[in-house]
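Common to both upcoming complexes is chain A, partnered first by chain B, then by chain C.
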Partner chain A sequence: MTVFKAFLKILDKNKFIVIMYTVFLISFGGFNMQTSDNNTNFVASKPNIMIVNNDGYKGITKDLIKYIKDNSNIIKLNNNEDTINDGLFYRDVNYVIYIPKNYNNDFINGKNPKIDIKSTGDYKSSYAEMLLSRYIKVANVYQKSINNIDEIITKTNETLKKEIEVEIISKLDTNSLSKATFYYNFASYSILACLIYVICLVLSSFKDIKIQKRIIISSTDYKKINRQLLISNSLFSIVLWLLYVILSFILIKDVMFSYQGMIYLLNSLLFTMCATTIAIFIGNIVYNKDAINGIVNIIALGSSFLCGAFVPMEWLPDGVLKMAHLLPSYYYISSNETLKTLEVFNLDTMGPIIFNLLILIVYSLLFIILTNVVSKRKQKIG
Partner chain B sequence: MFINNFKYSIKTLFRNKALIFWTFAFPIILGTFFNMAFSNIEKSEKLDIINIAIVNNDDFNNNVVYKTAFKDLSDKNNKDRIFKTHYTTEDKARKLLEDGKIVGYLKIINDEPKLTFIKNGFNGTIFKYVTEEITETSSMVKNISEEKIKKAIATGNYNIDYESIYDNVMNLIEDNNVRINNISSNNLSYTMIEFYSLIAMVCLYGGMLGVVAINQSLANMSNKGKRISVSPISKGKLILSSVLASYITELIGLALLFIYTIFVLKVDYGSRLGLDIVLALVGSLAGLSLGVAVASVFKSNEKAKIGMIISITMLGCFLSGMMGVQMKYVIDKNIAIINKINPASMITDGFYSLYYYDTLNRFIFDIGSLVIFASLLIGVSYISLRRQKYDSI
Partner chain C sequence: MNIIEVKNLTKKYKKLKAVDDLSFEVRKGEILGLLGPNGSGKSTTINCLLSLLNFSSGSIKIFGEEMKPDSYDIKSKIGVVFQEVSVFEELTVYENIDYFCGLYITDNKTRKKYIEDAIKLVGLEDFKKFYPKKLSGGLLRRLNIACGIAHKPKLIFLDEPTVAVDPQSRNNILDGIKKLRNDGATIVYTTHYMEEVEILCDRVIILDKGKILATGTTDELKELAKIEEKIKVEVNDLDCKYIGEIKDFKNVDEVEYNWNMLLITYKKGKNNLFDIMEYLKKENIKYSKIFSERPTLNDVFLELTGKELRD
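Up next is the complex of A and B:
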């Protein structure tokens, strides 16, 4: 009990750290969740377009604006170049269309007026450009063969309104699953950072030379002390894991009650176990409290950045992902990513996940062995 | 005496391993992580070749319009290529779709196209849009040709040359240039903000150096401070030399980071490097003044003061986009005042304006804000440091 009490005391002193990483998790893991649209019908994705109209609101200008409006999210920013430029830079707007003066008249007269645009160059802006050039193409063709502007507009619209049949085959709530994956991926950072920080601090407090000398001459068996330390650390890990699991149930809700939800839990539990063994290993080689802070940041941030806890794995360069194979976080996160689109549960589809879970166990064992090797060498103190 | 204290301050600062780690090594490590994680994001946001499948049935093979259109759009030598197309059976297409190998597949039944996707998304929308475009074009050709034929008949011309009408219409459609003129800036790489806010972080972390340097000459902070305070040296010289020592140390760290980000990480600072350096100099002065102010105004121990600097820096960098670039935009757009008084944002915004804007108005505003920020804090520190005397301590 004495050991456990000491553990709680140290934890209490550092509760701020635990709170901080939890707040990170809630604010980043939680805020990233937009409203769910669990749609089995096809919904066209829409780019963000801003239109700066320097012409009057009539004729072809009016109809072009209407067409763009129907197929995109219109963004209204102040018509001020700096605001528009900022909007483009931060991707609030993907595409800006500047309709020139006298566009309507010039169009009718067959001048094929030039349109200035600003574009972010990503796929959304490419789609926006398809919309714009498609409209102009069709309108131009009719303009050459028809003289009446109203008729040109009617014909253009008639041509553009063709819709083809689309079927969506997935019944999965991919949106909620992506949220869960994002949350649990981010949790790997919080779990790793919290556990390493707290456990290392506790261990280094016990390893302080004066304290250790007192412990050694006390009547309590050192094995008992070690056992109690191990139990307290594991207890802390479990409590932290439970806390994050409960938070996930509050933030993500339904999906957590499905089969996928269960695997998220199992996966994160094994990862927590692995992180605990890593923390104990580090606690056994580093005694300097100042150094712990730096080590926590490098290990937790490093594995989170490299393995895709912050930036989704699919966006990471291949070289980085190859390097990430060395880190336990990689296997944890890649299971989460697989879960995102896992629909059928059988040995075939579950194979990679089971493999990843096993790897986490292997890593845990590896760190336990390493800890024993290191601590055996460090048994003697002066 | 000035030089003596200066020399020893530099030595103490460089021997403080934790301090040097946080101000020198940590930013470089963090920058490396940023680079690894973010270097691919913008590339993967470009419109890539979309993997699709087409059910290779008779209906498709007999439909010349679709067949040629998709062949063209999947042609490796076409610079406007959008698709990589697998021609296969429906079962195989479905399998490809379920395995995530393709975005969706097209099946033509009685000349009516039908698309199948696994979920909603941009690539699917583009696939649908392009397919519709093909349908629309073919119906447009039909429409106009019919129109022309009708007209020909109406004028009493029964000797219609269908071929030439068709060619005419095709020419009309193909000879169609859409005049779109892109006037956006080339410097649109938003992940640069991450690196700019990293520089801002280092500038503000310089405050830690300021805290440590000032603390060692304060009588109420350490025994060393007491000894220094009773020595017959003017306070002004002491403080100035300590501050200068931490400024120089900070600049060395900053120079290392600049060199690393420019030559190794290839961060783009725009074309006006001289102004970037001016901004860094002023920014680190602001960071230092923050440290000096915290050290002189608050009476708590060194750990608490450093904690304060770290919290202010982290909050500032968070608001200026270090943990998510959009944050800076959201704040700038909605609660602009916060980033107008946030030194991290002034620095980040300064680099941003040098990178993205041709004009210097915004940059000058940022530099001005930083100078005001630094002078205010130096003023505060001056007031609280002067005439500090102890009868006993």
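Up next is the complex of A and C:
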């Protein structure tokens, strides 16, 4: 109790900075999640296309223009290159189709006439290009076997009208799960940073060499003191974790009351415990209060970047991901990423998550042992 | 009965012997003064005794048992006041004493009484709720002592507890130490202040370069001094020829003249003061003060350890 009481008093003495740090990181995590674009819904949109028709309005030319009109927004600009280039630059138009003179006749004669285009190069222009090439390819196929232009047009339109219906049977709310994953991934940074900062701040008082000498020569076993410090720090960690959990229940209630939510909680609890042991270990080797901010940046920010807390894992280079395997944050974030798309819960699907959870426990034990080794070594002053 | 028994203690740092084959004992109820210039091995010896340092060879017994890092029974009877103030900046005076006392005394009621006793002993009754940053140097030293002795140890190590404190605080600290001894504690006391040793210590060990140079009571140590008497004469503008003549006096060991003060050191002799007064009268030398001194512990210390500057 002596150590616990002193721990609380030291924490109380630093309460302003501790509360500031905790509240800032937690609110930043919540705010970030709310403002992030996690939308996975699909809403169809049409490209803006301008058609410069140098042919007559007949035959295949007429039908091509009609097809393009039906599937896009037709934009009318003055037919001069400066205006068209400005239109493309300001994205008023995504794609410009130049239909050449005698296009209809040349097509009928099998000359496969060339159509010039101008494009913004974005995804909307790709869609416009897909429309154009799709029409021409289908029409070309029929042109080779049918001589009558009306019949070619009819057959082409029939083919282009064919659609395949895709039914999504998954009831997974990927939008909410993505939000939850983003929230808990970001938490890996906030939890680690906050715990390292606060625990190192408090431990730097306990581990000050002058204080340490008094503790070493006392009749209390150093293991008992370490145990009491571990319990005190763990209690602080649990409070911090609970704050995160409560906020997640407010922000993403639907997910948190599901199976996935329970696993998010378990995963974050084990990560919090692991982060606590890491923070205690660092607190046992670094006593300089001025160095704490730097350590938080290197360890918390560094591991969060490397392990994909801010940037999705799939965007990270292989080399970075290989290095990230050495860090506990990787296994925590990896489980969160798996949960985002996990719909069926059985031993096969849960296997990778269970493995990651076990790794977090192993890391926690490893850091507890390391802390005891370092602490025992520091029982001697020279 | 011996509380501490040290036999052939040696502590090496690579080739350097910080403590060299040291053997001594500390008797129950005494205050043992450990004297020595900087780097003489005092702190290393104490750190070895407390198991804060591994030693190369020898043995240490405290309360009749071998001292080891996990000798928690022995540690429970030891109190240490380190030279540097070792307290939590974030805790008040009372909370600091409570924390360090709590490492020994788990019973709340007993601890509370012990804390009050310690606060009373060092005179910090009016500063219980003060944080260390708000305390003066002297008060901090007193807090440092209270933290080290609050659990009422039977053996206390005090490592220069009065460094940089005002005379009032020093008196308070010295009175407190005497009271601890009177209450039955055995004390090992290190200091650079010779007058403190003369006031407090029953026995003294003078250490240098890791070895014991002398040991005994303060009177016994003074017997070791090669000088018998020192005569100081306050005289203005003394001519060099008189200094030369005084040097040739019988029994005179050394003559120094600095800042209008003539210092004559005698190896032996009984009528030295009379002789010098006669000489001054004969030569018609006017002086304002003249006085004779017996050798002090400081003289013995300087004679044994040398006058060259140390780090």
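Just so it is clear, the second predicted complex is superposed on the first by the 198 of 382 C-alpha atoms of A that agree within 3 Å, B and C clash if a C-alpha of one lies under 4 Å from a C-alpha of the other, contacts with A are read in each partner's own complex, and residues count from 1 in each chain.
Quick note on the criterion: contacts are C-beta pairs under 8 Å (C-beta built on N, C-alpha and C of every residue); 3 or more make two chains touch, one makes a residue touch a chain.
In this text, all values refer to a predicted model and were calculated from it rather than measured experimentally.
In the superposition on chain A, contact of A:375 is made with neither chain B nor chain C. Shared-chain residue A:105: touches no atom of chain B or chain C. Of the two partner chains, chain C is the only one that A:6 touches; chain B does not reach it.
Residue contacts after overlaying the shared chain place A:22 against neither chain B nor chain C. When the two structures are aligned on the shared chain, A:205 is found in touch with chain C, with no touch to chain B.
Within the superposed three-chain model, A:157 lies out of touch with both chain B and chain C [touch as defined at top]. By the touch criterion stated above, A:258 is placed in contact with neither chain B nor chain C. Touch criterion met: A:218 reaches chain C, while chain B stays clear of it.
Between chain B and chain C, the partner in contact with more residues of chain A is B. Counting contacts by the rule stated earlier, no residue of chain A appears in both its interface with chain B and its interface with chain C. Against chain A, in their complex, chain C makes its touches with residues 13, 47, 50-54, 69-70, 72-73, 75-76, 78, 80, 82, 84-91, 95, 98-100, 102-104, 106, 147-148. Those residues of chain B whose C-beta lies close enough to touch chain A in the complex are 17-18, 21-22, 26, 29-30, 33-34, 36-42, 44-48, 94, 97-98, 100, 112-126, 128-133, 135-136, 139-140, 143-144, 147-148, 172-173, 176-185, 188, 190, 323-326, 328-329, 332-333, 352, 356-357, 362. Chain A makes touch with chain B in their complex at residues 28, 39, 42-45, 82, 85-92, 96, 98, 112-124, 126-127, 129-134, 136-138, 140-142, 144-145, 155, 159-160, 162-170, 172, 174, 290-291, 293-294, 297-298, 301-302, 305-306, 310-311, 314-317, 320, 341, 343.
Across the complex, chain A meets chain C through its residues 1-2, 5-6, 9-10, 13-14, 205, 208, 210-211, 213-221, 379-382.
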